[in-house]
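Same chain, two partners: subunit A is paired with subunit B first, then with subunit C.
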Partner chain A sequence: MSTFAIAGRELRSLFTTVTGWLVLTGYLFLTGFFWTAMASMYAMQSQDAIVSPYMAAQVDMTDYLVAPFFGNTAIVWLMFCPALSMRLFASERKDRTLELLLTAPVSTAEIVLGKFFGALGFVAVMLACTAHYPLLLMRWGNPDLGAFAAAYLGTLLLAGGLLAMGMLFSAFTESQVVAFVLTVAAGLTLWVFSWVGGGADSLASQIAIVTHAQDLFRGILRLSDIAYFIAFIGVFLFATHQRVESFRWS
Partner chain B sequence: MELMQKNAWVFAALGGLLGVIFGSLWYVYGEIDSNTRLVGIAAALCFAGYAALDRDTLTEGANSRTARNGMMSVLMVFVATAVGIYGVKLAQDHDTRWDWTGAKRFTLSQESIAVAKGLNRPVSIKAFFARESPGERNFRELVEGYVELSEHLDVEFIDPMSNPIETERHGIVTETGTVVILAGEDEQRLEARFTETALTTALVKLDSEEDHILCWTVGHGEADPDDDQTMDGFGIAVIRLEGRNYTVMKSRLPTEGIAEGCEALIIARPTVDWLPNAREALAAYIGKGGRVLMMLEPATTPELMADLERYGLLLQDDLVLEDSPAHRQFGHDVSSLVLFEDNFESHPITAPLSGSVVLSYARSVDPMPDADGLHLRTLLSSSEFAWTETDFDDPEKLGPGDDEKLGDVALAVAIEVVDPAVLGVSIDAQAAPAELVAEGLPNGEAPPLTLPSLVAPGWAAEPGGRLVVIGDSFPGTNAGISTGNNADLVFNSIAWLLEADDELTERAAETDQLLQLSIVQEAFLGLLSIVLVPGFAAFVAFLTMLRRRRL
Partner chain C sequence: MAMIEVEHLTKRYGTTLAVDDLSFSVERGEIVGFLGPNGAGKSTTMRILCGSLGATGGRAMVDGIDVMDDPRGAKRKIGYLPEAPPLYTEMTVRQYLRFCGKIKGADKPRDAAEVAIEKVGLTPVAHRIIGNLSKGYRQRVGIAQALVHSPDVLVLDEPNSGLDPAQRAEIRTLIEELAAGDTTVILSTHVLPEIEALCDRVVIIHQGRIVAQNTVDALGGDARVVKVTVDEPSPELAARFEAIAGVTAVKARGDGLYLIEGSTDLRREVAKVAVDAGLLELSGQRQLEDVFLQLTGGAE
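The block that comes next holds the complex of A and B.
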């Protein structure tokens, strides 16, 4: 129960500060720009497909619009997730409020989970603010809503992974800037692994976080991808738990 | 010694650095060679040196409560990581996928499952796609379902840019991807359509189909079937035909007649007129149930054109042109004809066509309405704005004249011979044309007064002959084959001639995935997505800032 109380407090705190709204503004502007550009480009491809049966057979809203959009905007989360996670513990340590939290009748696990779900809730709100993308497509075309749902789930899992990693760095430093930079660097490194050659089955590709979201963006859920994200988030949350727990005995 | 103890951390840092290098080398080369081993040993020595020099600090630290708890925490995180990795590995070994797409695009039908499971010999699939292209991803996803079901299936993805030798070896010429399916000596190809139906059909054909033999007439200045380089060649069409289990062989009709075993004859853009004995050989072939595809050009072979009257066709010396606002809007030349579904008449050849057929410099092919013993069906007609220009030598006079037909000009016709007697085949030697006798042969010799018959002895009429005449060769050329439905028109014509219904191309599924936006809709999309929604969030951010300042 305390987990939800902490999550609610985190979520509210993001909406009562300018930072939360600015993050939301930036995200919506960037994704809105991407969406408009890509939808216009897809409309042009559709025009070509009308006279070309080969193209018409291949052009698909999921493959040519939805999946590339979520794939391209995934890089945006590499900036916004560290921005959300950097303050979770670093600011508490700097403001000396972590001690208060640790002495409250809540377990470390509840604190860590509460903060994680609070930040993830904000990501969910950010994604919900893009609901007009599929809604407009439904009015003007015939999008695959199942693929959209899978793509949103993939984005949520990807953002969850980056948030969990950012939380760990935030727990290691009092400086939000350091936490931000470390999370971006680590996220970028994990991203770059997907560019390393060797095919989809290579070790580098298996480690890369974005590789496991690609199929979700196209409407396919794989047990292995879900397991990766659960393991990824779980390990970083556990490491954060251990780090926060260390404040009790150090 | 004291100085070394003071700077013992350097050994630790060096050890860490060498450890990272060791790990990187191991990862990159996949094995530990002598140099890598040396780096590893150096790293271990550095750590050992650090431990020896700074053992007091280490011992003190290790005995402290913080260090013990810290070590325990690190250990537990390692264990959690190991459990996580094991969990992922377990999930990969027992991977399952759920298809969330509305049309279940990544779920195989029962028929495909049966075909994949029924494969009883090794089948190799070479998929030529640009790396990371949507086509590659989709086909990978599709073929994965087959591979899971059959141990005989082997799939290799080849990027034409990174492996040009293999690409050339398989004669890959299309830019949109090609899939070559090999089983022993048999081969099937998928081009442009990489659907589940296409792949399953190709796998079925591998086991059941024999080659069809097509004869390509040469000797009348026809298009070159081996030329896959120039715009006018037919090499690409031939390569694609061979990928569909057709064997194309040349037939020197003017001297050798039509070879036995030709299942269909292809006459592509003849430019030298046919002598009477060659025309009779053609009529005899069709009159004995033969199958012929003719692709003609304007202002060529007048005698042959006139002879087509016996097949119920009236060919004027004309050029079909079109000039309309819509035509100009799309930047088409007056000599280009872009035909859509409204211009396709109902026929097995045209039924699978769902896009456009593009012709360039076409002539009209007018079916005679009262042709006895023949069943004529128009395949393609022009738009209402096209006309048959007969005075096409003078560009100033272009435009529909009084004696020129305007609108619905027939451009391709399919003919079935019900009564071969109407063809009036003569199996005798033919008199040489007077002009040939007057001019003499190119080598200076006098020509014979009679031309030997090219009809095989013992000829007997048989109904069932089929002929497709297209008033343009552009659809089959290297320049035109990949345009719109042109390839489908040519390949379906051959399939219909051979009565090979399973060779007819698959009609592209009616897609409801296209998105057509008006300028207003695009502007609204941009306004809402870039200005209004982010603007609202920015406005609230501004209000929040003001409120917090007041507090």
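The block that comes next holds the complex of A and C.
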């Protein structure tokens, strides 16, 4: 129960701080830009397809619009998730409010989960604000809604992974800026692993966080990808749990 | 069974010993004051008792529950006000106290928040954002947070800091009421009159150890000082003071001021003698401050 209370407070506080609104506005601006660019491109490709039967067989809304859109906006999360996670523990320690949670009859796991789901809840709100894209497509086209659902799930898992990692960094410093920079740096490092040679099956590519989101963006639900994200999130939540426990011994 | 039982509590930070083999107990409904200079280990002891800090050795029990073995059970019984009130400044007072009620396991968080607001006198500012409140109100929100789940034990670290005299009196009344309703209170302060006015018992801590613990009267009562100022000081007068039964020392401080120490209340006898020499001023001084300074080495 306390997990819900903590998550709720965390979510509400994002709506009362500049950071929250800045992230939401920035996200909607950037995704809006991406969407417009990609939808125009897709419209052009569709027109080409009218005169070319070969193209017509190729052009598919999921592959030519949904997947590239979510793939491109993924980079946005790399910047915005650290902005959401940086405050989770850093500000509590700086303002000495963590004492309230540590002396309340709640377990460390409840605190960590509450904070994680609070931040993830904000991501869900951000995603919900883009719901008009599939709705618009339904008005003028015939999108694969299953693919959209998979892409949203992929985004949520990707954001969850970045938030969990960012929360750990946030628990190691009282400075939100330090937590932000560390999270972006770590996220970027995990990202560029996918560029390291060896193809999609190489170890580096398998470690890279974005590789596992790529198929979900294309509407392909694979157990290995889901398992990767769940393990990724789990490891960082556990590490954060251990870190918060250690506050009692410092 | 005592409400709070602390046995051989030790806390080490690296090589520094912050709390050194501390043992004490507090009965239900008692108000106990922690007294000691800054860095004596008061806050550390309180934090261990409230479960935000682990002890290196020894144990602390609240109503028979070990805070290490069953932290959740123990914390439910404790309301804690840290030295810096843990306030989420972006929330309103009401939102904040409802949140506190929820995570602290109050039966009905909404009602509990309203009761706490009423008790601590926050009604006029309940709808305001904590960040915009004055220090006095913030301190009160901190106290409200500590008692929102009606705990059996209140642990208050410097509850009076930042309050003006009128607010101090209100908080004192509140603490007295709570104690009368069987709440056990531990508070720390360096304001001596506060301890004298409020506490049943004083625990003086210095360098992590308990150097004295007793009732306020017992601690300050053994030795008393009468300060007297007369118009015509003379050596004979000092001799007459010394002749009073019970006087242990007479110190002349110039300008007609004498400090007369004794084991009982000497004001009446001293006054009788001093009148002949033109009594200007006479006051009896409680010795708690002297005891405190002596024990904590602050007198030198």
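Some notes on this structure:
The rule we apply is simple: the second predicted complex is superposed on the first by the 250 of 250 C-alpha atoms of A that agree within 3 Å, B and C clash if a C-alpha of one lies under 4 Å from a C-alpha of the other, contacts with A are read in each partner's own complex, and residues count from 1 in each chain.
Basically, contacts are C-beta pairs under 8 Å (C-beta built on N, C-alpha and C of every residue); 3 or more make two chains touch, one makes a residue touch a chain.
Since the structure is predicted, the reported quantities are computational estimates derived from the model, not experimental observations.
Superposition model on subunit A: subunit B and subunit C are shown accommodated side by side without a clash. With both complexes superposed, B is the one of subunit B and subunit C in contact with more subunit A residues. When the two complexes are overlaid on their common chain A, residue A:102 makes contact with subunit C while staying clear of subunit B.
Look at A:13: by the touch rule set out above, it reaches subunit C but stays clear of subunit B. With chain A used for the fit, subunit A forms the apex of an angle whose arms reach the C-alpha centres of subunit B and subunit C; rounded to a multiple of 10, it measures 170°.
Judged by the touch definition given at the top, the superposed model places A:249 against both subunit B and subunit C. By the touch criterion stated above, A:42 is placed in contact with subunit B alone, subunit C being left untouched. Within the superposed three-chain model, A:5 lies in touch with subunit C and out of touch with subunit B [touch as defined at top]. Superposing the two structures on chain A brings subunit B to within 5 Å of subunit C, judged by their nearest Cα atoms. The intersection of subunit A residues touching subunit B with those touching subunit C, taken from the two complexes, comprises 16-17, 249. Residues of subunit B touching subunit A in their complex: 27, 65-66, 69-70, 73, 76-77, 80-81, 84-85, 87-88, 90-92, 94-103, 105-106, 134-135, 137-138, 141, 176, 192-195, 338, 340, 353-356, 482, 484-485, 488, 508-509, 511-517, 521-522, 525-526, 528-530, 533-534, 537-538, 540-541, 544-545, 548. Against subunit C, the residues of subunit A that register as touching in their complex are 1-2, 5-6, 9, 12-13, 16-17, 95-107, 247-249.
Subunit A meets subunit B in the complex at residues 16-18, 21-22, 24-26, 28-29, 31-33, 35-36, 39-40, 42-43, 46-47, 49-54, 56-65, 129, 132-133, 136-137, 140-142, 144-147, 149-150, 203, 215, 218-224, 226-228, 230-232, 234-235, 238-239, 242-243, 245-246, 249-250. If you check the complex, the residues on subunit C that touch subunit A are 47, 50-54, 71-73, 75-76, 78, 80, 82, 84, 86-91, 95, 99-100, 102-105, 145.
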